[in-house]
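Below are structures written as structure tokens.
Heads up, the next two complexes both have chain A, just with different partners, chain B and then chain C.
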Partner chain A sequence: MMIVAEKLTKKFGDFTAVDAIDLSIEKGKIVGLLGPNGAGKSTTISMISTLYKPTSGRLFFEGNDIIKSPKWIKPHLGYVPQELALYDSLSGYENLKYFGGLYGLSGTALKKRVDEVSRVIGIDERLKDRVSEYSGGMKRRINIGVALLHEPKLIIMDEPTVGIDPQSRNHILETVKSLGEQGITVIYTSHYMEEVEAICQDVWIMDHGKMIANGTQEALIEQAGIHTAIRMKFDSQIKDRLDPLRKLNHAMAVDLISDDELVVLVNGGGNTHKEVIKSVMELNYDLTSFDITRPNLEQVFLKLTGRGLRD
Partner chain B sequence: MKALIKLKIRLMKDNLILYVIMAAMSLILSAVFGGTMGGSYSPTIVVVDELQTVETSNIINDLQSEHAFNVKLMDYDAALDEVMGRNVIAAVVFDKSLDQGVNVIQLRDTVEGFQLSRLLEDELSLLENIKTLDSQLSGILVNEKIVFNQDDLYLEVKNTFGDQWENKRPITIESYLVASDNALTSNVSRHYMIGMTLFFVTYSLMFTVGDFLEDKRLRTLDRMMIAPISRRGILFSNLVSSMVVGVLQICFMVLAGKFLFHIDWGQNLLGVIGVGVLYIFVMTTLSLFVVSIVKTMAQLGAVSPIILTGMGMLGGCMWPLEIISSRLLLTLANFTPHKWALEAIEALTNGNTFSYLPILVLLGMGLTYLILGERVMYFKSLKDNQ
Partner chain C sequence: MLLKLYKKDMAVLLSDKKGLFIFILMPIVLTTILSFALSGNFGEPGVMSPIEVAIVKSYDKEAESNAYLDMVSPYMGEGLASLKASLNTELDFEGLFFNTFLENEEVKAMISTEVMSEDEALQALEEKSVKAIIELPKGFIKDQLINYTLPNRNEMTIRIVRHPDYGYSGDIVESIINSYFETLNKQIVNKNTYLSVGSGYLDQATLMASLSEIMSSEAVSSSEKVTRTLVPGKRLIDSPTYYSIAMMGMFILYSAGYMGRELLREKRLLTLDRASVAGISYIKVLAGKFLMTITLCVIQMSLLILYAKFALGVEWLNPLKILVGIFFSAVAVSGVGVFVSALTLTSENYRVANIFENLLIHLFALFGGSYIPLDVLPKIFMTLKYFALNGIVIDLFLNTYQDADWRKLGLYYLSLVGISVFFSILTVLMIKRKEVFTYEGTH
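On to the complex of A and B.
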């Protein structure tokens, strides 16, 4: 395991920001950390990145206790803060060079890494311009680039796509995906559920300082008891022909909406909805159209926390 | 840590205008103060000579020959009007026997008034000594039954003793400076040059150290804290880069003083710069302490002029402490680095003597502020973390 937290707790005075969470993150995975504002995500990230010292609990990086000795994680950690932690008056090149220098890179090695990273984040052409002259998206890319210079094993990204254009967002998401493909572990927090759905293999959901669910997206959907809904329309009345449909594999429930329209709730992830449609076709019912509503993390989140992610 | 120091120095390029303004202000104010209160400037005094004796006439001649003052003769009422109208700095009134002293009328104490008093004291002291010597010699000659002319003897004593007095004056003045804490510095221009340099260098230092607050605001400090570099390393880098700026400013001012104002820094120029570096260390650590207390750059901007101007005034950057008579102010001056740095540099430039007490006091102050600043920052970071 790359990161293991045991009963990790952080209190600010009487307020408990993170309440005895257990967490384990596998090496090489892109992990989404979700939760509404005040859920404790940033505090958890700050503890992992050694900015905050936990009030109690244990925290390990590759088996080494990083509360006792943060030196185990520091050289291997890349951190992308939510705020643009850059020097506006310096160029992108100078920013990258300086922060690379903090990790002991220098000379040709540093220059080489700056060149590589600037290509990865797609900003090599305007690297010598001042950061103050960059667009929001370019600043975000440099913000990420800074965290990549020293080739970290673990990258923590705290809402790295806030307030940027779709093109830059796509570029950033592609960059994160490719990091995962290179075996780098990424902890990713975002308010944009679709981003987490698109790039994260595992998802951890926090609320009120507690870890309330975790697993793959399919497992979380299963855990939340949310089903795929297939809305079907037929050419003739269907109300007298429901029994065969109720007996179909994976069909959890069949609700009639009108004489010629119904909704079938399907359990299980993957392609079970396709099997159901195929079976309906085989029954020779005069199916004219259908619409599939697959469960997503937003629904899972709503079900588990009782509120939306942006509430 | 090398990267951090390099970054800070690079960032200073953006504040170059601030440093240029500070250096220019030091130069301009040194020129204005030094030119007004020292250098070629000769303040005007009026003399009222109601005695019209040879001695008073000699004193007036001496005052004029010193070129320190522009001397005008007039009657008492006119002299009083001149003083009240602030046209002259003082009126010297010879209206009673010289052994009873001389009246000096002035509206307020000034450096020039103090210089005038010292000059008159010297003159009167010389006259008194000649009289005493003449009287002693007369007694001896009478006892020995040697015939002599009283006027000739007085003249002989005056010429001989007076000449010796004149010839030995530099030596006498030197011993006087060493013996007295109240001795006025011989070079007012140099005092203001040193004072203004010490005063203005503190502002740029305060804001350079204040970059720490800016790093906190930008969250770049978080990035540094996460990097494999210790908290003390970050602090130390900040202090070193700030000190570099301060030292460059001090060196520039010493050279500007030498070549622009022809200031004689004495034989030990390295010693002067050394004390300057020590002073920069103290002011850097003082800045660290102030920065550790405030929370934002805006707060720093609000408190630093109060602290720095107050300390500069108390410490004698704006006027020599010799003209201050308040015991309270003089005691408070002891708590400012400015006072000790001025004292050490002036000791070096005036007499080429290395003064250990100011050096030790400065060192003590620097270490105290360093420890206080570091500890306050540490406890604040713990508090932020709780």
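On to the complex of A and C.
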């Protein structure tokens, strides 16, 4: 395990921001930390980043206690804070060079890494411009690039796509995916569930400072008891032909909406919904259209907490 | 690592054009303005021009002489004719003042006078064509005759009206006039002694006849007692010299103010967090800024010194002493700057830095002598200046300008290093504490 937290707690005065959470993050995985504002995500990653000292609990990086000795994690950690942490009056190049220098890079090695990173984040052409002249998306990309310079083993990204254009957002998500493919561990916090769904292999869900669920997306959906719904429309009345449908493999329930329209709830993840549709076709029912609603993390969160992610 | 932090801070500083304008151009502009605007309060180097003075006569010589004669005639007998004659010779106080005293070459080198009516004199003062007015009061002749020839003594007040822009010129005129009348007073004492002792041996006519000899001996020599010289080895401080030093002392405090905002600015930018995650302590970040502030001050002071030399004609004698002075002043400013920075960071808002820039710097400027020379203010200011960093810097550079010896300058260097060390130690203690608090999240 790359990161292990045991009963990790952080209090600010009487307020408990993170409440005895257990967490384990495997090496080389992109892990999503999901939760609404105030859930404790930023405090958790601040503790992992050694910016906050936990009030209690234990925290390990590759087996080393980083509460006692933060030096174990610092050289291997790339940190992308929620807000832009850049010098606006300097160029993108100067920012990358400075922050790379803080990790001990210098000379040609530093220049090489700055070139590589600027290509990865896609702003190599405007690297010499002042950051203040960049668009919001470009600033975000530089903000991420800074964390990649020293080739960290673990990158923590705290809501890196807030307030940017779709193009930059896609670029950032692609960059994160590619980091995962290179074997770099990424902790990605967001309250945009579609981002987490798109890039994260494991998801940890927090609310009110507690870790309320974790696992793969499928496991979380399963755990929450949410099913894929297939809405089907037929050319003629269907209400007298429901029994064969109810007997289909993976079909958990069939609800009639109108004379010629119904919804089938499908259990199991993966492609089970395709099997159901194929079986309906094989029954030679006059199916004219269908619409699939797959369960998502938003629904999982709603089911687990009774409120939406952005409430 | 320190070099990397320093280079980044310099790059950020140099990208701040508005800040650079305040740091570098403002002191140059203000030095120029103040040098010319307040030049009247300073001596001019080289040959001194006489100070123009208007003299207003409020007395009537003839009427006062007659009144005096009427008063003494019952006691003079035959000597009255002789006394009358002496009113135009030995006892001619108007002639003594105007022809003998004011026409003396030494006095003429210092003041040039013109008799005017009161209105004319006031207008001339307003227009600065004269720098002071001497008003000779009603009774000027009669009172002097009485004081010189009779046992009783009348008080006489000479009024000197000074222009506020020419304080030092007014002082000089006052000193010259005081000197004249002090000499006369001395003779009055001689006269009184002569009269009280002589009256026992001489008849009244003989006594009065010999009086003129007694009093004519010293009056004309009074000008020799009023001279304007400098302490040997000292150079005259003119307004460009003073204000280039005074503005330098003040504006380096703005470097401390700039520095004072830096840590909190980085904290809010989150770049401090980023540095912290990279394993860079606050102290290292601060050390980089300390060096940046030294550089800023050195640039600021050097440019002002060069400007004063080439544009205002200030002659700095010893470049090495100037450079050493600049360095130690910059070190002290940086020490104060990091302290303000630590206070600002600890308080988590810019109030401390704002108070420093908007209030304290101006108080220091006043107490330290950046706005006006402290010798024209109450004496307490001369003591208070040592509590203002700019006061010490100004003193150091005034002494450097006078080419004071290394031992004397060394005391200033030590004071400046002491200030820097004192504030730096306080800063380190505060920052260490803050760093622990931040890490532990108890802030």
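What we mean here is this: the second predicted complex is superposed on the first by the 311 of 311 C-alpha atoms of A that agree within 3 Å, B and C clash if a C-alpha of one lies under 4 Å from a C-alpha of the other, contacts with A are read in each partner's own complex, and residues count from 1 in each chain.
Keep in mind that, in the parts below, contacts are C-beta pairs under 8 Å (C-beta built on N, C-alpha and C of every residue); 3 or more make two chains touch, one makes a residue touch a chain.
Everything quoted here is computed from the prediction, not taken from an experiment.
Enquirer: State whether chain B and chain C clash or fit side by side on chain A once the two structures are superposed.
Expert: The answer is clash.
Enquirer: Does chain B (first) or chain C (second) touch A:K71, or do both, or does neither?
Expert: A:K71 sits against chain B and chain C alike.
Enquirer: With the two structures laid over each other on chain A, which partner does A:K53 touch: chain B (first), chain C (second), both, or neither?
Expert: Both partners.
Enquirer: Touch check for A:G101: first (chain B), second (chain C), both, or neither?
Expert: Touch partners of A:G101: chain B and chain C.
Enquirer: Considering only the stretches 99-107, 117-125, 135-143 or 315-323 of chain B, report the one that runs into chain C.
Expert: In the superposed model, chain B runs into chain C at 315-323.
Enquirer: In the superposed view, which residues of chain A touch chain B and also chain C?
Expert: Overlap of chain B and chain C footprints on chain A: residues 12, 49-53, 71, 74-75, 77, 79, 81, 83, 85-87, 89-90, 94, 98-99, 101-103, 146.
Enquirer: Using the touch definition up top, name the residues of chain A that touch chain C in the complex.
Expert: Spelled out, the residues of chain A in touch with chain C are 10, 12, 49-53, 55, 71, 74-75, 77, 79, 81, 83-87, 89-90, 94, 98-99, 101-103, 130, 146.
Enquirer: What residues of chain C sit close enough to touch chain A in their complex?
Expert: For chain C paired with chain A, touching residues are 1, 4, 7-8, 11-12, 15-16, 269-271, 273-280, 438-442.
Enquirer: Which bits of chain B are touching chain A when the two form their complex?
Expert: Going by the criterion above, the answer is residues 2-4, 6-7, 10-11, 14, 218-220, 222-229, 385-386.
Enquirer: Quick check: in the complex, which residue numbers of chain A touch chain B?
Expert: Contact set of chain A toward chain B: 11-13, 49-53, 71, 74-75, 77, 79, 81, 83, 85-87, 89-90, 94, 98-104, 106, 146.
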